[in-house]
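In order of appearance the chains are A, B, C and D, and numbering begins at 1 in each one.
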Amino acid sequence: MSATVGNPLLLAYAAVACTMLSGAVSLLAVRRHPGFLHFGSFLFLFFAGAASVAGGGWSLLAKLTVTDRFKLGLPWLDWHLRLDPLSGFFLMLLGTLVVAISLYGPSYTREFARGPAAQPLPPLGVFTALFVLGMQLMLLADDALVFMIFWEMMSLSGYFLVVYQHQHAANRHAAFLYLLLAHVGALVILLSFGVLAAFGGGLTFDLMRAAKLTPLWATIAFGCAFAGFGVKAGMVPLHVWLPDAHPVAPSHISAMMSGAMIKMGIYGIVRLSYDLIGDVQWEWGVVVLIIGTASSLLGVLYALMQHDLKRLLAYHSIENIGIILMGLGLSMIFLGSGHKMLGTLGLVAALYHTINHALFKGLLFLGAGAVLYRTHARDLDHMGGLIHRMPVTAFLFLVGCVAISALPPLNGFVSEWLTFQTALQAPALKNGLLRTMLPIAAALLALTGALAAACFVKAFGIAFLGRPRTRRVARAREVPAGMLGGMGLLATLCLLLGVFPTTVIEAMAPITQLLVHEALPSAAAEGWLWLTPISPQVASYSAPFVVAAIVVVFGLGYLFLKRGTAPARRAYAWDCGFGQLTQRMQYTSSAFSQPIRRVFGGVWKVEEKIDTLASAGPIPRVTSLHYSVHTHDWSWLWCYVPIGRLVLAAANRIGFIQTGNIHTYLKFSFVTLLVFLWIVS
Amino acid sequence: MGIAALGLYNQAIILFAALALFTSFIMLAQARMMPLIFTFAWQGLLLTVVSVLVAIASDHPHLHISAAITFCLKVVVIPWLLYRLSAKLNMQYDAEVIEHPTLLLLGGVALVIFSYHVAQSIIHLSGLATRNTIAVSMAIELLGMLLMIARKSAVAQVIGFMSMESGIFFAAVVSTYGMPLIVELGLAFDILVASILFGVFFFHLRDSFGSLNVGQFNRLSEANDPMPLRDAAGESSPGDPS
Amino acid sequence: MDRELTAWALAAAQALLFIAAAPLLAGWLQRVKCHMQNRAAPAVWQPYRNLAKLLRKRMLLAENASWLFRAVPYIVFGAMLLAAAVVPLIAVRLPSAAIADMIVLVGFFALARFFTALAGLDIGTAFGGMGASREMMVSALAEPAMLMAVFTLSMTASTTNLSVATGYILEAGLVLRPSFLFALLALAMVAVAETSRVPVDNPATHLELTMLHEAMILEYGGRHLALIEWASQIKLMIYSVLIVDFFFPWGIATEFSAAALAVGVMAVAAKLMLLAVILVVWETVLAKMRLFRVPQFLGFALMLSLLAMLTHVVLETGG
Amino acid sequence: MTLLEVTLLVPLLGGLLLAIVGHRPIAGWINVAVGVVTFGAALAMALEVFAHGAQLSPSRMFYIDAFNVYLVVLTAFVGLTTSIFSRPYMRHEVEIGRVTDRRLRLYHSMYQCFLFSMLLALSTNNLGVLWVAMELATLTTVLLVSLYRTPEAIEAAWKYFILCGVGIAQALFGTVLIYFAAESKLGGGRDDTLLWTVLHRAAGGLDPAVITLAFVFLLVGYGTKVGLVPLHNWLPDAHSEGPTPMSAVLSGLLLNVALYALVRVKMLVDASLHTNLAGHLMMGFGLLSFTVAGLFLHRQHDVKRMFSYSSIEHMGLITFGFGVGGPLATFAALLHMTVHSLTKSAIFITVGHACQLAGTQRIDHIRGLIRTQPAIGWGLLLGTVAITGFPPFGVFISEFLLLMATMKSWPWLTIPLLLGFGVAFAGLARHTQRMVFGEPPPGQKPVEANMLPVVVHLLLVLWLGLAIPGFLSRWFEQATILIAGASPL
């Protein structure tokens, strides 16, 4: 390991420095001149993001691994930093989002300086910077101490950002839950590092890589790491904090959280299990696959029941994390049973979906933020018809919807397709159980995809299509250019990553080289036009063709059908002759998901309530009906409420110690003394 | 070696030690205030005598000083102080009920046996003739603590506390010919201040509680304000805030 | 090189033939049905007349239709066109098959469905929403069943490429695979559901409470409607061809000689006509089921395809 | 060693002086000035020791080595900062009439006497004197606890007095036994057998039986003052009822010093026993305190009480660390002693202001601090964050090392530790969050507060979290070598 500082690392340092500057600006200048937040700290944030992308991309494409150390930390342990293709990849992901929000933020944050619920701006800027800083340095960490310090810094500043609008009880509750789970998760991760350190005899990652673990302890270390990072990634059943925390944060922060922060959990899992622990066992893969499948399915089913746009998106993060975990699980299964190439395929699928989700989920949260910014509405049933008022936002949001619903030719589809392809190689396995399990998992993935599509038809359809449901929505305007720019960037990337998957996979080769010493040579065997992960005979996909074909159809349609015909006549929609249609006759989000709620009943704890108001009189007539439905998360009711009750019950039970009676206290110390005397004599 | 084989002084020491132990038992059983204080004074006197005897038996002149200190504190000052206070708070005649007195005394006996058992392991070390008295001193200390636990009255608690001190002092004398002088002085000073403070507190206690029955002091009890279970980290499910 | 070119030309020709023949299949279906139900049957190319008429009509749009509403027909048609281009109709080993495999095919269907549903929601009528919601529910259940069935085949042929898979089955000759039987049934049921035929849906009626697919496109007219109708005819054709290809591939051309191609055309035409007759019989004897019986129907399909996959793993692979 | 004499005499004389002029407005400043001088002297002395190593006073009465020197500095420092805080605090108390002139005098003089006793206990070389100083500390703080003369205060003070008195008595018995063992080893008739230096040299030969017995008494005795469950009952009462500066020094200093005494004794015991009995007892005690206190945090209604329970919890953790032994754990425990006393005193300072601001100590009635007075709100928030072991604060580092060490030697004990951390964090955060955030009750006004001490403490803790400065790490290292016999480096 060379101790020389390579240039990519310097770029990363530049990114870190810019982030710090951004934080400093917010800390010092913003209280007096709020303008600095928009044009000072966000500017630096932009540079930080750009530098991260540059540095990460450099080390990824040039396959550079550079290390460095600072005389900080413990007297006998410096801060070890290291930038390698894996961290470079995630650094790029982070940087992209940072750039996007630094374009988006300046206009969006004006919201908070105005109005009766105006908040002080400096904390927002400072903790945004710390949040980014934590992630950047966590990715660069090369020893357990630095890793944990910045891991926790990320969680902590995330807490301050979630609780930023603390006048709402929902924010406080969500923030508390988030921090509690984050803290416990971090401690569990700590234990995993502890095991590695105990075997490796030191806290640096190099020693841990060198450590030879017994299978049992390796499994324990992996279990701890998986649980700990799983909390951050938001896998079922450790996800409960996520749908609470993400919606209440400011939208650009929600984008960072869903886009970047939960990916850091994925980074941790990959880093520990593939890099530090080393030899992957297929049993781990099975666990990861099962949990991943559960997360994706439950995530999307819960998302379907939401009518709060941001909450819906948050649940979709759980779903997508599940898909990523499925890819990882498959990869572990194949690696564990000796199929290196297939294992690599799974890993690539997982990483590809990681960056895809970062892009389109960031885009969608920014879109939701744009809607919130103009309409102050988060509830789908208060929106509608926004496509007429905010056409550009609508288009960008639609791109995100298509991408997340895994529809060709956008990026979401590619990664799911790769996951499918990996799963379909099940016959290569010896173990019959796995051979049946994998295709079933694939089918469930298909179910997930279909449900996700349904969910986003609902989200986009109810929010942007149809007629406006409230007056405020009817008066909405398009958002400023900066916000559109932020979203546009991500949308463009979604398209590019969807259309040129071959290039992307080639670029990822260094990561797989680093982790499993294997790449996918066949992926680009047929050139950039054809994606053939295993071999052209087995499977192939050509996104450019698809795009071309759709464009051609549009062109032909324009040429032959539109030309010469008279312009379209506008008329009222058919109202069955019952008079004018009103916006209240439209399907609501609850109505839209009602059939699915009925089909998959029992997945949720559903509370349906119908309040009927009957007018007084000899024959009571129903004057008004109010229908409300609430769906609750079983995992909350089954796992967390009992734990909370248990702790409090224990706390109450133990109160007897503090009776306030001095004789009791004296008895305590008397008995303690006698017992100890008895023990030692 | 049997007691018969000891010199007269040592025999006397052992005798007085036994008497001191006896006084602890009396204190344990004594319900009325005045006799309690007097018994405590008696115990102090016995200790003084013991330390004088030890001083003579093994010519440790500085033991005379500590004997003097003990006399002043344990026989004169503290009993007098307690007497004056209980007179001021006119409680010198009131007696408190001791529940299960026989049980208490039996417990005391058990403590003696226990401390003997504990002391056994270390007695062999001492070259002193009077080594068996270590067990006695430990017993006196524990009995003092038992007294503090058993009694409701603040005064009784103070006396128990003081007799614990006496037991420890006794142990120091018989096992090691007393502590270094500086320690003795510091100890004496502390005890003096402590007894004065106790005196001050009697008044405060009576002013704020109307009695010296420490059993009633439980305003700071936590047993009776539990947390509502509903509070469990926000039981409102992470479901629609609506 | 020119061999490459001919291959591509052939692929393009097949795709064109495919979309050109789709209305014909629909017409044939209609005709057989009428005969079966003792009604006077329209001509076989009635669908072409309808399309032509619609294409000529002047456009009429709901007053709050957005740009999305107008874009949807083209997207749907484009997706179906692509799907048609990759399904081997008369010949295997065509280069176009490499554009997309089975999974992407399903993706195309999903794409079309997604935008159709959005179009349904765009106008803001109750029907549109109803149709969209029900359609998504049905598809959510149909898609896994279909993929499961498809996976069974692809695991047998160890490829997801349609053309290669068909070729494999063709070469393997007649093998009695239990998994194929189940897969066939599952695929058929899914096809019925996806092409909105009885008993899941009834394309013939506009009775509000029973319709799924029609409810979404209720507001369309003119060339938009023409494209959508055509697209759904293509979809029906694709499903039929898939069934035929996978389970009875015999007769499909394996080399690009005129004779072989002619044989291929004949074979596929014959098989499709037969299939249509079976479908008509099925549609005639069954009545449309209630909406909330559809999940059970599709659940059964899913179960079948699962069974197919299991039998494949348990019985047909060497452990 | 004149510096040491300065360090000791200045607070003593200051106490006497303040006993006379303690009620004057100037008294607060005098208090600060005395603190400054003490701290300066202590620092100078520390540098001396740092330069020339451990030092024994000519009279052999005082002994300064790596272990206690940094505790001396810490004590002087916290004493200083707390006196800075206590000036505006006590002024406010006088204004609202909770404290009369007499009591103010008492408060100021007792404050300095308490510091004197702490420094004496730390710097003395004689176990007996150590005991005397501890008892003196009890006596002085009893007066501080009962300062407000409310029934609760009196009750708390009484319990504190009795329980600690009894505990200390046990410690005395233990000391006597150690003396006994030493005499039987070194032969009687010499007056230096209670000197730490002598004992430590001779520790190898002390009789195990006696030492074991002595350790039990000392553990129970000093353990009471450390506040180990189940001997802790006095601690929450005393913390919650006394004036807040007293709570700060109580949590920040007294517990540390008691633990210091315990560790000194443990060193003797380990040397003489060659088994890890002492370690096991301390581990058990520590773990019990850690868990129980963590649970108690959940059911608190009084903010000062809550933070005193958190002190118990952390003391348990430190005791556990010393019990685990080994260089890494010992280093962690030493570090934790430092950061805990810095953080906890900072927290109590903030809490003091917060209570004055809200006019109550009830958690339910303290709301929206961050709106009313951001400085206090952020102080409390960051303090809690620091004490619950979040980086980049130093508490995290020590807990991190402790977990690592535990994982190395007692892997399965990490599970209770983990649960304890989780429970404790939940208990502390849920209450603090409610106090800091949300809408403030109408009419809540800012108070005069001096946040300098808080800032300084938290900055120090932050510094320790990011990088341990060279001299400090050398102190810790030497102390670790002293206690655990090996260096973690």
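Heads up, the rule we're going with is that a contact is a pair of C-beta atoms (placed from the backbone, for glycine too) under 8 Å apart; a residue touches a chain by one contact, two chains touch by 3 or more.
Treat the numbers as computed from the prediction; the structure is a model and nothing was measured.
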Chain whose average C-alpha position is farthest from chain A's own
B
More contacting C-beta pairs: A-B or A-C?
A-C
When the C-alpha atoms of chain A and chain C are each averaged to a single point, how far apart are the two points in Å?
36
Distance between the CA centroids of chain C and chain D (whole Å) is 78
Cα centroid separation, chain A vs chain B, in Å, comes to 66
Return the distance between the CA-based centres of chain A and chain D, expressed in whole Å.
44
Residue numbers in chain D touching 2 or more other chains?
158-159, 162, 166, 213, 236, 296, 298-299, 426, 430
Can you list the chain C residues in contact with two or more other chains?
none
Residues of chain A touching at least two other chains
176, 180, 647-648, 651-652, 655, 658, 662, 666, 673, 677, 681
Let me make sure I understand the interfaces: which chain pairs count as touching?
A-B, A-C, A-D, B-D
The residues of chain D that touch chain B in their complex are 126, 128-129, 131-132, 135-136, 139, 142-143, 146, 149-152, 154-159, 161-162, 165-166, 169, 172-173, 175-177, 179-181, 183-184, 188, 191, 193-194, 207, 209-210, 213, 236-237, 240-241, 296, 298-299, 301, 426, 430
Interface with chain D, chain A side, in the complex: residues 71-76, 120, 145, 148-150, 152-153, 156, 163, 166-167, 169, 172, 175-176, 179-180, 183-184, 187-188, 190-191, 193-195, 197-198, 203, 647-648, 650-652, 654-655, 657-658, 662, 664-666, 668-669, 672-673, 676-677, 679-681
Quick check: in the complex, which residue numbers of chain A touch chain B?
170, 173-174, 176-177, 180, 240-241, 243-244, 306-308, 311, 379, 605, 628, 630-633, 636-637, 640-641, 643-645, 647-649, 651-652, 655-656, 658-663, 666-667, 670, 673-674, 677-678, 681
Residues on chain D engaged by chain A in the complex (per definition of touch):
158-159, 162-163, 166-167, 170, 212-213, 215-217, 219-220, 224, 229-231, 233-234, 236, 277, 281, 292, 295-299, 370, 374, 385, 388, 390-392, 396-397, 400-401, 403-404, 406-408, 411, 414, 418, 421-423, 425-427, 429-430, 433-434, 437-439, 465-468, 470, 473-474, 476-477, 488-489
For the complex, give me every residue of chain C touching chain A.
55, 58-68, 70-71, 73-75, 77-79, 81-82, 85, 98-101, 103-104, 106-108, 110-111, 113-114, 117-118, 120-126, 128-130, 132-134, 136-137, 139-144, 147-148, 151, 154-155, 158-161, 164, 208, 218-219, 222-223, 227, 291-292, 295, 302, 305-306, 309-310, 313-314, 317, 319
